[in-house]
Amino acid sequence: MAEAVVTMDGWSVVHDTRTFDWASWKLTSEEVRNTAIKEFKELMKKWEAVEEEKLGSQSLYKVVGNKADFMFIFLRPTMDELEEIKREINKSKLGDYLIPDYSYVSIVEMTMHNPMNEGKDRKLSPQVEARLYPILPKWEHACFYPMARRRWEEANWFAIEKEERTRLLYEHGMTGRKYAGKVKEIITGSIGLDNWEWGVTLFAHDALEFKKIVYEMRFDEVTTKYAEFGDFIVGNYLPAEDVDAYFAL
Amino acid sequence: MAEAVVTMDGWSVVHDTRTFDWASWKLTSEEVRNTAIKEFKELMKKWEAVEEEKLGSQSLYKVVGNKADFMFIFLRPTMDELEEIKREINKSKLGDYLIPDYSYVSIVEMTMHNPMNEGKDRKLSPQVEARLYPILPKWEHACFYPMARRRWEEANWFAIEKEERTRLLYEHGMTGRKYAGKVKEIITGSIGLDNWEWGVTLFAHDALEFKKIVYEMRFDEVTTKYAEFGDFIVGNYLPAEDVDAYFAL
Amino acid sequence: MAEAVVTMDGWSVVHDTRTFDWASWKLTSEEVRNTAIKEFKELMKKWEAVEEEKLGSQSLYKVVGNKADFMFIFLRPTMDELEEIKREINKSKLGDYLIPDYSYVSIVEMTMHNPMNEGKDRKLSPQVEARLYPILPKWEHACFYPMARRRWEEANWFAIEKEERTRLLYEHGMTGRKYAGKVKEIITGSIGLDNWEWGVTLFAHDALEFKKIVYEMRFDEVTTKYAEFGDFIVGNYLPAEDVDAYFAL
Amino acid sequence: MAEAVVTMDGWSVVHDTRTFDWASWKLTSEEVRNTAIKEFKELMKKWEAVEEEKLGSQSLYKVVGNKADFMFIFLRPTMDELEEIKREINKSKLGDYLIPDYSYVSIVEMTMHNPMNEGKDRKLSPQVEARLYPILPKWEHACFYPMARRRWEEANWFAIEKEERTRLLYEHGMTGRKYAGKVKEIITGSIGLDNWEWGVTLFAHDALEFKKIVYEMRFDEVTTKYAEFGDFIVGNYLPAEDVDAYFAL
Amino acid sequence: MAEAVVTMDGWSVVHDTRTFDWASWKLTSEEVRNTAIKEFKELMKKWEAVEEEKLGSQSLYKVVGNKADFMFIFLRPTMDELEEIKREINKSKLGDYLIPDYSYVSIVEMTMHNPMNEGKDRKLSPQVEARLYPILPKWEHACFYPMARRRWEEANWFAIEKEERTRLLYEHGMTGRKYAGKVKEIITGSIGLDNWEWGVTLFAHDALEFKKIVYEMRFDEVTTKYAEFGDFIVGNYLPAEDVDAYFAL
């Protein structure tokens, strides 16, 4: 039996995708549409205030392709707040047009695999704080995908020695480092919470970097041998000031 | 041919998830909404009376993410009662807005694998009674997932010796024990009843414990080698006194 | 190349599941509802007359959980009659609320695997007649699931010798025999007709017996090594005299 | 690298399944229904004229079970005509009730595997013409399923020698021959056109023959080792003269 | 660890499929239909102007079978423009009837595998420009499918040596060359962007060529051993001048 990993855990996270019901939206009066947008922007302001107080974070993306129209990412201290936010959206006027689609529930996770961090009292470090309770970068693009590690007879991630897992992840981390400044990454754990084992959220100024980093990492031994991937979704950041234009007919 | 397991079996169980149709709910008059909520709260009271008489148990959860909005868990002595409850919900006014989604049918199950329990006349023990006919803890969070055991050529759970199965499950139980007081677990069997082989329902005061226990257990030999998992769903407990607030517009 | 099996084939069968549209049903006037129920009960009478003449058989089940609300099982001499019955239901008033869901098409099948039956002129035996053209027992519960045999390199059902297949199925039959009086079983073949290779329909007075028999059989060598299972659906028998109560609001 | 197969290719084919919206159909006035049926029968006549001129062929089937209500099979010289026919159906009045479901796109295919045909100038043979541009038999039942050949390490159809492929298919053809007069078969290729590699369309006077032939063929070495199957759909032939009765309320 | 591939990357691409809601379209007045078509044709003109300036490209296809009715292919310098085009379609009047279906997001990709191209300063070559920023050929038919490379223990594309990958792809390219003038191909990479690893878009004057090339390539060692395929979709080119006829009732 291999030694279990020790994790540090931060905020709870939901990736919440929505399809917008444009046909019904067009049937609504301009007055109702304006009221709905106004109410939604007030919701956004309320969320921004939470972020300013470092009690959570969020971003909103315009999804490319037909998988969805929106992807919300919400980070909060508790699962209760995540469910309340969902309900608040659904109760809002705009919520009538934001048809719920695929979602993913997870918790920000750091592991002790990185040997460079060992021996430090990480709980107190501001760097660790920043990684467990991250304020999402408002970069132009985001990419989300869930993944799992294989439990095959000939390649069983959870059965190999901890040292081997550390070595493989260290090498993987080296690939990631090449993209410093180009790609930011948040790893969230979803074992016991959602269908895959981890969620990976990437941010970039240029969406091509998502392709470059994930492609290059596919040649890392840990990916080659142990990784399984779920669906990928890519979105473009929607700042509050562009909300009116987004919904304008 | 390996020796078949002997089980003790308790209440029948349904995990019944629902999506709430907020858009239609908003179109309804306040009067109709109030009547619907009142009727639903009476249903809840009726169910609570069953629980007080120890003739069944249930809990209602607000689901995190878009997999559903509600998860009901009902335990009753017969499958007939489970179907009647479903119909009663569907016939109720609120039922018009509680769109049926994923469900799971199973029966509370105890096996004789645990060697510490052998040799006892378990049928008469109040502990066994409490496990076969459990009153669901009203803890803040619940997690449900179905699972199966592999029947691969090189890892076939149903073909290995009973002693090996007992050893593996004992070790697995030791991991579970570390979470005493933090996580409660109900195992239900669904072979012959639903698509996977077992259902696992976990309860916790802190949803992070779901991640911790399932993650740690993933390193147990029995999981590493023999476990396959279905979809995970996580919810926050909804007590009767919060029902009004939940549906308020 | 292994010797192909010889089968005896009886009635054509459809397992037809339906979800009931309660929300629309409630919007209908009591008069329309009464007319719809009356018409449906006349259909049931017509079907019962067919059963009395031994020209077919059927039963109706209330499904537990959200997979469906109803499961009809129809057995008839031809596929034409099965399609006509479907259309008759869909054309009926109640049919507007019986939304078609999952179905399964097969033909009652007996094979020559059981060595105890060899050498008999089975065609003439009333026992064989009763098995090929079975009148469904009106027991309290039914369970349906489709299955297939593996064609893996190391476990290929269709490539092993006939004697080995006979031995494995004989052993399997011995497990089944323990449940005489508790579980009745109808095996239907669906190769060339539907997505899996066989359908298994079980009947019991106590739904726990479905779990017990399928669980015990999972340890049979033939299941352990060669079986793949589709979705399981469990229902409670709905006799004609309970139809009014079922639909009453 | 194994030698690629050489094919002869005939008409383009679409298997187009539809679910009939009975509830909406009943809400329509008798006049509209009559007009819709009349228009549909004119479409059928137009298609029959094409068949009479040997410029295509088609048949319409009433599907058994809930996978669909109709299966159209259309064969035409070009993909353009197949798309135009779909659009013509959708534009017709009856098209409002013929909800599109599963479909399959392929091209009639003959291969040179059969050694008995080698050395002949097949292009000129009327037999080959009849197989590449087949007029569908108006037999009572049809069965459609798509299939693929395995590319497993230990069983890779596309990597074995041409002689071995020819031997396996010859043996397979011998099983088929036993059903001469009972089952007709049209093989269509869909590599590069739809999700599986081939479509198999069977015709029979007795639907039991679909089960018998596919069951027996499952023991052929080529099936045992190399075949993967998609969904099976079975239908009963609907001649033009029964169209009125089909839709009558 | 194998050496990662180096790619050159061009325009961002979305394959956007839509189902047309004919039943609602027929309920609309002729005036509204004319306005909707006029507005759509203006959109098309705007897109054509972009293509004329070589700032992007696009084509529209009538899909064969029921997978969809339309497939749009859009190529643009950024993901932002792809999302804006989707929104522009959805906001248009015709968008109310163009129900979003399956889509695929990728970026035009060239790799350095082809040894004939090595040592050249490809960035400056007009040929490379033409391949990275391709104007879609307005040929009669298009075929799209996504694919991935296996990461099996015995066949792991991302773990084999670069020379071996180059050899295999060179051989594969030789098969492709036989179809020069008959089939054009655009390879787009989707690792980190969508669910598979690459998208393949083929163009032909005769749809049979899709079957011929993909069939022949299935015998190439690289396909035989390493390829996995997603769904195939085939469409017929819809030029602007046929738009009126397409939608005419």
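Which chain is which? They are A, B, C, D and E, in the order written, and residues in each are numbered from 1.
The rule is simple: a contact is a pair of C-beta atoms (placed from the backbone, for glycine too) under 8 Å apart; a residue touches a chain by one contact, two chains touch by 3 or more.
Which chain is which protein? Per UniProt: A, B, C, D, E = Coproheme decarboxylase.
Here the structure is a predicted model, which means the values were calculated and not measured.
Touching chain B and chain E at once are the following chains: A. Two copies of one sequence, chain B and chain C, touch each other mainly through non-matching residues, since under half of the numbers at the interface are common to both. Averaging Cα coordinates per chain places chain A and chain B 28 Å apart. The geometric centre of chain A is 45 Å away from that of chain C, both derived from CA atoms.
If you check the complex, the residues on chain E that touch chain D are 19-20, 22-23, 26, 62-67, 140-141, 143, 145, 152, 154-155, 171, 202, 207-208, 210-216, 218-221, 223-225, 227, 231-232, 234-236, 246, 249.
Taken in their complex, chain C has these residues touching chain D: 1-5, 7, 9, 12, 14, 16-17, 78-80, 82-83, 86-87, 90-91, 95-96, 100-105, 107, 151, 153, 156, 158-159, 189-195, 197.
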